[in-house]
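Data block below; observations after.
Labels for the chains are A, B, C and D, by order of writing; each one numbers its residues from 1.
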Amino acid sequence: MLKLDFHPAGRHFLNIPGPSPVPDRLLRAMSYPTIDHRGPEFGAMGLKILSGIQKIFKTTQPVVIYPASGTGAWEAALANTLSPGDHVLMFETGHFATLWKKMAESLGIKPEFIGLPGYEGWRNGVRADMIEARLRADTKHDIKAVCVVHNETSTGVTSNIAAVRKAINAAAHPALLLVDTISGLASADYRHDEWGVDVTVSGSQKGLMLPPGISFNAVSKKALEASKTAKLPRAFWGWNEIIEMNKTGYWPYTPNTNLLYALHEALDMILSEGLDNVFERHQRLGAACRTAVQAWGLEIQCADPEVYSPVLTGVVMPDGVDADVVRRLIYERFNMSLGAGLGKAKGKMFRIGHLGETSDLSLMASLAGAEMGLKLAGVKLAGSGVVAAMEYLESHAVPALKIPV
Amino acid sequence: MLKLDFHPAGRHFLNIPGPSPVPDRLLRAMSYPTIDHRGPEFGAMGLKILSGIQKIFKTTQPVVIYPASGTGAWEAALANTLSPGDHVLMFETGHFATLWKKMAESLGIKPEFIGLPGYEGWRNGVRADMIEARLRADTKHDIKAVCVVHNETSTGVTSNIAAVRKAINAAAHPALLLVDTISGLASADYRHDEWGVDVTVSGSQKGLMLPPGISFNAVSKKALEASKTAKLPRAFWGWNEIIEMNKTGYWPYTPNTNLLYALHEALDMILSEGLDNVFERHQRLGAACRTAVQAWGLEIQCADPEVYSPVLTGVVMPDGVDADVVRRLIYERFNMSLGAGLGKAKGKMFRIGHLGETSDLSLMASLAGAEMGLKLAGVKLAGSGVVAAMEYLESHAVPALKIPV
Amino acid sequence: MLKLDFHPAGRHFLNIPGPSPVPDRLLRAMSYPTIDHRGPEFGAMGLKILSGIQKIFKTTQPVVIYPASGTGAWEAALANTLSPGDHVLMFETGHFATLWKKMAESLGIKPEFIGLPGYEGWRNGVRADMIEARLRADTKHDIKAVCVVHNETSTGVTSNIAAVRKAINAAAHPALLLVDTISGLASADYRHDEWGVDVTVSGSQKGLMLPPGISFNAVSKKALEASKTAKLPRAFWGWNEIIEMNKTGYWPYTPNTNLLYALHEALDMILSEGLDNVFERHQRLGAACRTAVQAWGLEIQCADPEVYSPVLTGVVMPDGVDADVVRRLIYERFNMSLGAGLGKAKGKMFRIGHLGETSDLSLMASLAGAEMGLKLAGVKLAGSGVVAAMEYLESHAVPALKIPV
Amino acid sequence: MLKLDFHPAGRHFLNIPGPSPVPDRLLRAMSYPTIDHRGPEFGAMGLKILSGIQKIFKTTQPVVIYPASGTGAWEAALANTLSPGDHVLMFETGHFATLWKKMAESLGIKPEFIGLPGYEGWRNGVRADMIEARLRADTKHDIKAVCVVHNETSTGVTSNIAAVRKAINAAAHPALLLVDTISGLASADYRHDEWGVDVTVSGSQKGLMLPPGISFNAVSKKALEASKTAKLPRAFWGWNEIIEMNKTGYWPYTPNTNLLYALHEALDMILSEGLDNVFERHQRLGAACRTAVQAWGLEIQCADPEVYSPVLTGVVMPDGVDADVVRRLIYERFNMSLGAGLGKAKGKMFRIGHLGETSDLSLMASLAGAEMGLKLAGVKLAGSGVVAAMEYLESHAVPALKIPV
């Protein structure tokens, strides 16, 4: 029998930047008995979900839902729009941008990986000007797609997607714009239609607050058009049959019904709170978290205040401190998980997630755990980040909260 | 459809001194399908529970489990041992001692209510010397029972039960000793047999971490003997038939099966952690909480450091501050419930529960909520209680926690 | 770790006449985190529940909800209305009527127990004419209350409560009418106000489909008046303080919050289906079950077709067959629990519950289990009850079922 | 708020051949809070699951677990072992064999689809002799793989996989053997190693009793070798990185943690019951079901008694009866879902699932629903299948069941 659910130190604090803590209401929804995915109740639920998820992506175009975790939706975005040997332009913003590039290579695509020199790319967002310059140089239009990450989960840096769209337009380049906002969706402002994104990739286990296991492609007309001539083999990931079947609320193959129950509830929760209220809540919590880091006298991984992520904050360790040692201590002593530094950032920093259902008090618990852990690990702190965060939260009012009964 | 489970400010922080937050594992256990309370599985479970609960009371004598909330077990303790018109000695330690006295009156018993003068009784524990003096004066042995509260939930003061037993013995008085440890059990050290208690009253929704709905009488041989001549009418609360049926793991009338599932799990959790480890955990958390109150420059309701409660801490408001206004602000702004001042303490103080599953980080969240709320309510604080509590927790090591998988 | 939830023979079939199988929706509702029973959400929920439960009793008068199982509500009905030594008239219809009488004796009341001679009373309902005759003879109005069981859970016989009321009126006798419909409520037609009942006693684990742990007293004006002079000591069971506090949706002592969540949902389920539709559903299922028993060539415990219970059916064993041996075989071989014969009926019969959430197919499963078990136990059957029940269900249409999404 | 969980006709009977009814224990396991998939608890759980799942496949070789539903695992089997343009031999046994063939075409593989003429292939299993003949003719070894379905979910026909392996060996042909046992695993006997299968494809929502969302590839050494030269592009489905990471209990990308909780429990349930006991249980239930169909005078879809499926039974309708009309009536009147005829079988038959947690009594409920529905739909039945099935179950003893507490 699993005993994951008990720890002498009480309830676990899951503060990695995803999976985010799953609200009890979603866990309960997942426990509804599985129904026939070809029956009438399923179709009615399917239609409600498909309509709701469009609002989350701020799109009126199709959103394809995969019964697979996020990495699959990366593959889907590439496989539906590209052909073997195609050139794509990718921008190095961190570990996940790098993994997506590696995946493109595995699929036989030729990614060109540009970015700021050295470690700088891992502390800043996408530079739309560099993309524009590169596209202008591509007079033959060899580049079939521009692929960028909206919210780099490995660094806590967002990128200005509207600016990337402008850059592509300014270069009058026909490349598709593919964006990964796996960790950004439903926590950070995102606008699939307004920003002219062709394929948006996302997943369930971040702002949507579900466990992992569902992923998404929001798809523009231009992307659909591209899929007609794209030659990468695809079956499970193929958009057409799914979009066709979705018209009646069904899927061509078995969907993961119980996670869809949770998605149904999550959509109700988020749309009831109001998507823009959700964004504001995360901006405020992100600011409180950064205030704490600054009070500790530590550096924030994101070097550009314009693109601080409202989803997570990367905390840079002083020289000589192994971030993973600090994380381990915090895990063992305070029963709290923090995100590790990944790839080039390994050991240099840790990541505090403040996405999903995070609240003032759950953030304070996390910051207290981090502050105590840092001190116990021997890191010299300039002051109490906890106190600074409390001051921020006190002085930044929240809209009156109504308790629904 | 109930929407109790969602709030835009995230998961609710339940910091009243009971009901305490119910661990997920217990909520899950409660959702096992109800079984036949006369079937073989039930009997096997019943025997395990009856054996486990004795360990919690530190007794080898019978523990009667009622399918009723705690107030019922108060009545049971009186109804099984006393007759109409009997004199009992009760000691005023706070609101719950007062309510128990009122109940005795309702049942036709004659309680004598002694205590420290004025409000002092609400800030101190039972004075064993006063009890001894009163019993010595009762040369005719009119007093049939001494009734005291071990952990006053309304004040955060415990009482020295061993000292009360010594006082009774010193007076060579035959009175029964009835003790209410509804909120103390399984958070604060308690020893039914060693302390010579005749009836211990307790409930499910505090240290046992269950929802309300189950209550207990641990019963000494002397109490059982008394029940043979006690004349108060009783049926539902009668011990004899229950104790008889319990021998095979059953109850004479329908038990509340699903709460018993949770009790079964709670016993496993507590006894796995080790009852004395549980007590130590609460002592440490209580000390951290009081350190915070002192750093705020506020008074602790309990005036005697010898009997600080490890279950809850009463925080006295400065003159002119209505504690209920502060509580309301914290509830609305931070989605946290604190306990109100009750009876004579109404408006003068609030109560922070740190019982049950409380951990370092959940306590920090609660203290942060309280500190921010106090400041927003305009209460002048001497310093940051949150910082003080963190320092306490950092510098007071915990035994290495093992994660059971 | 409890393993109650797994059995190599699959999901358990709980076919005792209560606790009835708890619908998943109620189990999920019970797993909402416990909230502060003094907070604003609780009050709002309390008011909804108190209003809904009145509809179930068909009353506009107070319904008192106890955080205790059904036996407690029996005691409450007596303790609130009677004084030590009071005479009451009770009618022997079976085991539960007998237990209620025993309880009255324990409380110091003087019950007079009338009924049909020998075992006949256990196969028929209350005889209103006998009650009328006895009351007419009581010219001094010594009898303070008439206590009858509406649905005898031990026999599967209902009683005509309207007729009892008429009898009391015909005798122009001032006695109170106390009725136990613990197992009848929300499965069998019941009308507290129209039938002029003074106290109706009920519980949660039958037609309301909850686990055990909640019980009820519906209270008439006359009963409330009687409570002012009634002298039996009472505290936990006292109506007045509860009714007073209920005005704002709260209770004077800790209610069992998580079972109230389930009650909230159950009320929504039953009132959405329509209470009279619920009654019709049970009448139809009861008729199908009796058709099966008759096809087996076995006797139904209830000898009077006018008062067959829609809640359960008692199946009489042929001479020489021990019903408990049959039950045990069915339990072990088919993982199904049937109700035992109780008291005078022990070993002579078993009981099939068809209350609560029972449906056509769950009933067919139960009948199949019973039929196979009877045959394996060597009981000669006249024919297939399962076939007869299917024919009944096929030929008795149900209103078109709508699936709510 | 979803209301899927309530229906006036009670609990839904899900009798499609997958998803099968999910046991409550698995639903509860799925509701454990999501943990960090890079933390130590996760790794420990991962290792237990990976070891347990090997036992289910009866293999000591790697089993790759995908966070994706079953169709994905079909793609994985092909993409890891084949190159664009490769010839594969597939055998038409029904709808799912046909869909797998279509998928191969979508991926750029050249399937050759052999089988019995006309509709015969849909009523019989794979003919190993035809495969052997075809392979013998392939002297150049153009055929890279033989792909067959072990348990055709669309027909209720199993295939003799050991015979297919023998055929390949007899032809001394180097082709890989790929087998789909999505619906067979953990209900029907299956032996990955002993039968010399190179890739076995399966899913979670059938014999493993989970909701859909997890799928599997069990992989032989020879298949792993083939993957080194296979040229189909793959990333998400790639075996190597997963198998490498699995050594420590982790996955290279985010696994669907909460379904893995359920898998952990399902493995415990199945291995505790004993895998061969599980097979025996399904053989017995399948036989009872077919006995019913024969008593009705209806044809079983599977024409060859040697390969009746223990997972589901296809019931052929008499001429002029639309199976979907019967299914709809049963759904609306009895709240039971049956499987539709698919592809060539559309409208001609329906399918009764008896896989997963099915028990004697749940099967009887399903057969009663089917029998009543058939009669209400006007289908003339030769006799009562329900009676015949009961006789079968009575006369075929089961091993003594032990109730674990």
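As a convention for this text, contacts are C-beta pairs under 8 Å (C-beta built on N, C-alpha and C of every residue); 3 or more make two chains touch, one makes a residue touch a chain.
The UniProt protein names, listed by chain, are A, B, C, D = Serine--glyoxylate aminotransferase (SGAT).
Just so we're clear, the structure is a prediction, and the values are computed from it rather than from any experiment.
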Just to be sure I understand the contacts, which chains border both chain B and chain A? C, D
If you tally the C-beta contacts, which comes out ahead, A-D or B-D? A-D
Whole-Å distance, chain B centre to chain D centre, using C-alpha means? 54
Whole-Å distance, chain A centre to chain D centre, using C-alpha means? 34
Find every residue in chain D that makes contact with two or more other chains and list them. 1-5, 11, 21, 24, 28, 31-33, 40-41, 45, 403, 405
What residues on chain A touch chain B, complex-wise? 2-11, 13, 21, 23-25, 28, 269, 273, 277, 281, 332-336, 357-362, 364-366, 368-369, 371-372, 375-376, 384, 386-387, 390, 393-394, 398, 400-405
Considering the complex alone, what residue numbers of chain B touch chain C? 1-2, 4-5, 11-12, 14, 16, 19, 21-22, 27-41, 45, 66-72, 74-75, 84, 103, 106-108, 203, 205, 211-213, 232-236, 238, 253-259, 261, 264-265, 268, 331, 337, 340
Chain B residues touching chain D - in the complex, by the definition given at the top: 1, 3, 24, 28, 31-33, 40-41, 44-45, 403, 405
